[in-house]
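Right, one structure below, let's go through it.
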Amino acid sequence: MTQKIWTIYLSGEIHSDWRERITSGVSERGLPVELTGPITVHEDSDDCGVAIFGAEENKYWHDHKGALLNSVRTRTLIAEADIVVVRFGEKYKQWNAAFDAGFAAAADIPYITLHPAEHDHALKEVDAGAVAMARTPQQIVEALGYIICGKIPVR
Amino acid sequence: MTQKIWTIYLSGEIHSDWRERITSGVSERGLPVELTGPITVHEDSDDCGVAIFGAEENKYWHDHKGALLNSVRTRTLIAEADIVVVRFGEKYKQWNAAFDAGFAAAADIPYITLHPAEHDHALKEVDAGAVAMARTPQQIVEALGYIICGKIPVR
Amino acid sequence: MTQKIWTIYLSGEIHSDWRERITSGVSERGLPVELTGPITVHEDSDDCGVAIFGAEENKYWHDHKGALLNSVRTRTLIAEADIVVVRFGEKYKQWNAAFDAGFAAAADIPYITLHPAEHDHALKEVDAGAVAMARTPQQIVEALGYIICGKIPVR
Amino acid sequence: MTQKIWTIYLSGEIHSDWRERITSGVSERGLPVELTGPITVHEDSDDCGVAIFGAEENKYWHDHKGALLNSVRTRTLIAEADIVVVRFGEKYKQWNAAFDAGFAAAADIPYITLHPAEHDHALKEVDAGAVAMARTPQQIVEALGYIICGKIPVR
Amino acid sequence: MTQKIWTIYLSGEIHSDWRERITSGVSERGLPVELTGPITVHEDSDDCGVAIFGAEENKYWHDHKGALLNSVRTRTLIAEADIVVVRFGEKYKQWNAAFDAGFAAAADIPYITLHPAEHDHALKEVDAGAVAMARTPQQIVEALGYIICGKIPVR
Amino acid sequence: MTQKIWTIYLSGEIHSDWRERITSGVSERGLPVELTGPITVHEDSDDCGVAIFGAEENKYWHDHKGALLNSVRTRTLIAEADIVVVRFGEKYKQWNAAFDAGFAAAADIPYITLHPAEHDHALKEVDAGAVAMARTPQQIVEALGYIICGKIPVR
Amino acid sequence: MTQKIWTIYLSGEIHSDWRERITSGVSERGLPVELTGPITVHEDSDDCGVAIFGAEENKYWHDHKGALLNSVRTRTLIAEADIVVVRFGEKYKQWNAAFDAGFAAAADIPYITLHPAEHDHALKEVDAGAVAMARTPQQIVEALGYIICGKIPVR
Amino acid sequence: MTQKIWTIYLSGEIHSDWRERITSGVSERGLPVELTGPITVHEDSDDCGVAIFGAEENKYWHDHKGALLNSVRTRTLIAEADIVVVRFGEKYKQWNAAFDAGFAAAADIPYITLHPAEHDHALKEVDAGAVAMARTPQQIVEALGYIICGKIPVR
């Protein structure tokens, strides 16, 4: 009934292929979505600030300049998203992912979490603010298919 | 004078053909509108949560997962609408329709109610916040024709 | 740790003593709350518009004038509330209660529903936006005791 | 020059005495602050939902009900705070702390992080949005003394 | 049930005693209201700008400086009001009153109009956005008595 | 440097050809603007409510239904405008024009007034909130040419 | 008619006694105002960041830490002010004063500028957004006396 | 991954070719950006108000009319920008640039400053609110290349 292009921001883990799996999933189904996300080249994301604006002796400010620059992209794209998907992988602290979820919550943008069961208890506050919790990229694709087009998996 | 496409969200009852009648009415008149609305396949709307994210033993959480998923669509599309039409049919509680009206009111989106006279007293708070109350889909189409193009029915 | 007075708006059903039970419950526990709500004298709530501003021959406008006047109180007090409790009784349409829930949802005010199990399915969209669903006024009092003071019932 | 009472929300770790140290520090200096924060009794915070609204067989919903109830307190008090302090301890995932920081960021509430140097790199996105990063509760107290009263440590 | 002090801004006509009549009316009934409004000394309101900041040769800028200074008071107090009463007298253009009504409408502050029947047609757009239209100051007082305390005139 | 289409809402008087003069002026200069405005057929604007939703015996409600319906168009288009032009003609009360100006002011949309010198004093509050005051449609066209394209009349 | 305490933020120059003159002026007249402002001890304002959180080798980050800490006070107090007074002295760049004016403008807080005539042209954009431009602290006091109490200087 | 066109507002100094250097830089790299900014013809910017709306004897009002007219363009385009670049040259007061930075800060639009090292201390409050500080237009182009496309200069 509608021709709206839905914008989906993919936040979080950058060490597995979950973004690619969602990308190919929505493509196969022909869903009218535009997928956005942070810069996912780890080293560039760390060093962008000093590479562009000049070196810092202090590692803290090295990181700071990069993180601020990345924030321009992430905050702008999250604020424009219809839905945010927040992925927590098996490893690492991933505090930026939880930060993005909190940001989306306060900005009234619905978000879906994507994480293994082992994180359920530690993520209960983050999940409580979510509209859904998924285990697999496939479920994300199916959720988008339903939200946007009303397509539902065969039961 | 303007080329704006008006977005009209059609909320409420899913058991009669009122959406179709509005759709054909605006089409006949060539009104520049895009009609949006919830997923109207009743069973899918009830079961979408468990169909996608896994079964729940407890019926409450079964419903909860589905309702949260549907809310992504409904809240997003209501927030983007220029006008919301809220239809109350003869039967059922239809609390979701009244919820949508309250949501539109707080979000400062004008809404028009559409209901039979027998509900007038029970809907007086909902009607009080509306910009108009209609009895028939035909009146909705005429109202859109006037608001958007200044066309008025022959008197 | 804090001296904040929490404002709790009690929306919905006016035919049972649930407001009184919450009032005495929070009083017994000495919770720092201020309870607000609509005018609950049914006849006055219906007739206030014409009683003050003059009679209407048409019942629709009779109701309309009253509902608009009531909306000044209800919208103002809901907007100022920290928490809204929305009660659905066994009978009647109670669309104003669902409207208030939708209004609170869009205004980002957390709300708790209070209703019997028989309404669970029909209220699933309203419950999906709530921070909790309660069966008894006693549970509302306990929830307030925990949220505000960290008091928890003996397990 | 001003009699404003500043509200400071203390978010994050609940396993060390940092809240007490800030509380006694601001008390010693007589700073006009009101300190707020989440319920810090770990077990109650986990079980509040089921203790009040009834048991859940599924651990996910057990956690969910509790986390939603806690969110009423945390979101309300964060939204009312002038400054949020977000503490990350040595251990655990502490995703709720990062979530609170993101929430404060989107709600335009200034926040100060408090964490050991070992977390600097992992917290760079969270620190980038902060107005300051502290290593000790004493520094938080001194920062509040300066912000509110212009008191500065002897140099 | 509540101790809230309601703030009522009285906008518009400054040539009759309607403000005094509302003031004594709410006082007699002991309503918990605080009445605010513009500076009503006509000459001071016209000349305040030049009296304070220096004379202007051009009458347009003479008026402009005064009107801007008055706007600090009027906009601040309207924005803080719970309810705005907008009075249109028999004479004069009174465009500032209609301006205040439009301002309140966009700021989502409920307003009640107060005017004689002869203005009904010319004020239909202003009345359409109001929560009530009154003919007499007495009706305003009664409306406040009902909204705030649930008191209704004897029928 | 930019391809933005500026949206200009033309509010107020409907008895002279000022809208046409602005329309042809911006057309001659090829300004990238879209002009919007209310329905300007006086009789339709008065009667649209009853023509669509049914007759009212009471003239007040006759007007009310029409004014509410018109408000959907006017509020929506004003809220979407980059600039509002508010025209006051020589005659009539024109309270709706002042209402629109107040609405634009509170919604932070810049507006330009357009009126003869005889109204200067009575419109001083409305002019005080404006970004400019014009005497002729030609000046409006020139102002748009400057704001949008930096074109300035020969001095 | 009102008991409101007006909050006035005094931004800008810290090298003359203009704040003291306003303070004694409002005190003499007994105006119900609370005056707020930045920390005005120049050296502390420069060094607060490193004095509290530790030294920086790089002067840029030395300044940065201090400026961010000061921003907590200035943004919080500006956001809470009813009126901001922005003072530009004869010397220095004073970019922070112009920054505060821009901040107030976007936050819809009325501001009054206070500066000598020599700056008129360079400050024309800042003055254009102000509700008044004053030459002396005495004029600020008189403006507050009029805005708040309707007192006007003898003409 | 995204086809978003980023809008970049270039604020500040109009005496050097920094805008042209950014324009050609983003063009060479094919970045999907739209560059906007104020009218940069100095004389027109000063005189636009009187050229269009009529002469003023008083220089203050001459400037005022022009500055208000320019503000329509600058505020509208800043509010629509994804990123604001604020340039401070070697000379002049440039208070309008600092004003724009403060405006962007309060409107939650990320801004990057561009200035020589000699201004570092005087601009510390303005830099503290920025997401980056650049020394050359080339760095601005590289920052945009990274933010938008993830392109990073060779290290």
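Should a chain be cited, it is by its letter among A, B, C, D, E, F, G and H, assigned in written order, with residues numbered from 1 in that chain.
Convention: a contact is a pair of C-beta atoms (placed from the backbone, for glycine too) under 8 Å apart; a residue touches a chain by one contact, two chains touch by 3 or more.
Because the structure is a prediction, the values reported are computed rather than measured.
Touching chain E and chain F together: C, H. Least step count on the touch graph, chain D to chain H: 2. By residue number, over half of the touching pairs seen at E-F are also found at G-H, the match among G-H, C-E or A-H.
In whole angstrom, the spacing between the mean C-alpha positions of chain C and chain H is 50.
Chain C and chain G have Cα centroids separated by 44 Å. Separation between the centroids of chain C and chain D, computed from CA atoms only, is 31 Å.
Spacing of chain B relative to chain E, judged by their CA centroids, is 37 angstrom.
Residues of chain C found to touch two or more other chains are 68, 71, 133. Contact residues on chain E toward chain G in their complex (touch as defined above): 34-37, 39, 41, 44, 47-49, 51-54, 65, 68-69, 71-73, 75-77, 80.
Those residues of chain F that touch chain C in the complex are listed here as 56-58, 61. Note for the complex: chain H touches chain G at residues 59-60, 63-64, 66-68, 70-71, 74, 88, 92-107, 119-129, 133.
Residues 1-4, 82-83, 110, 131-135, 139, 142-143, 146-148, 150, 152-153, 155 of chain B are the ones touching chain F in the complex.
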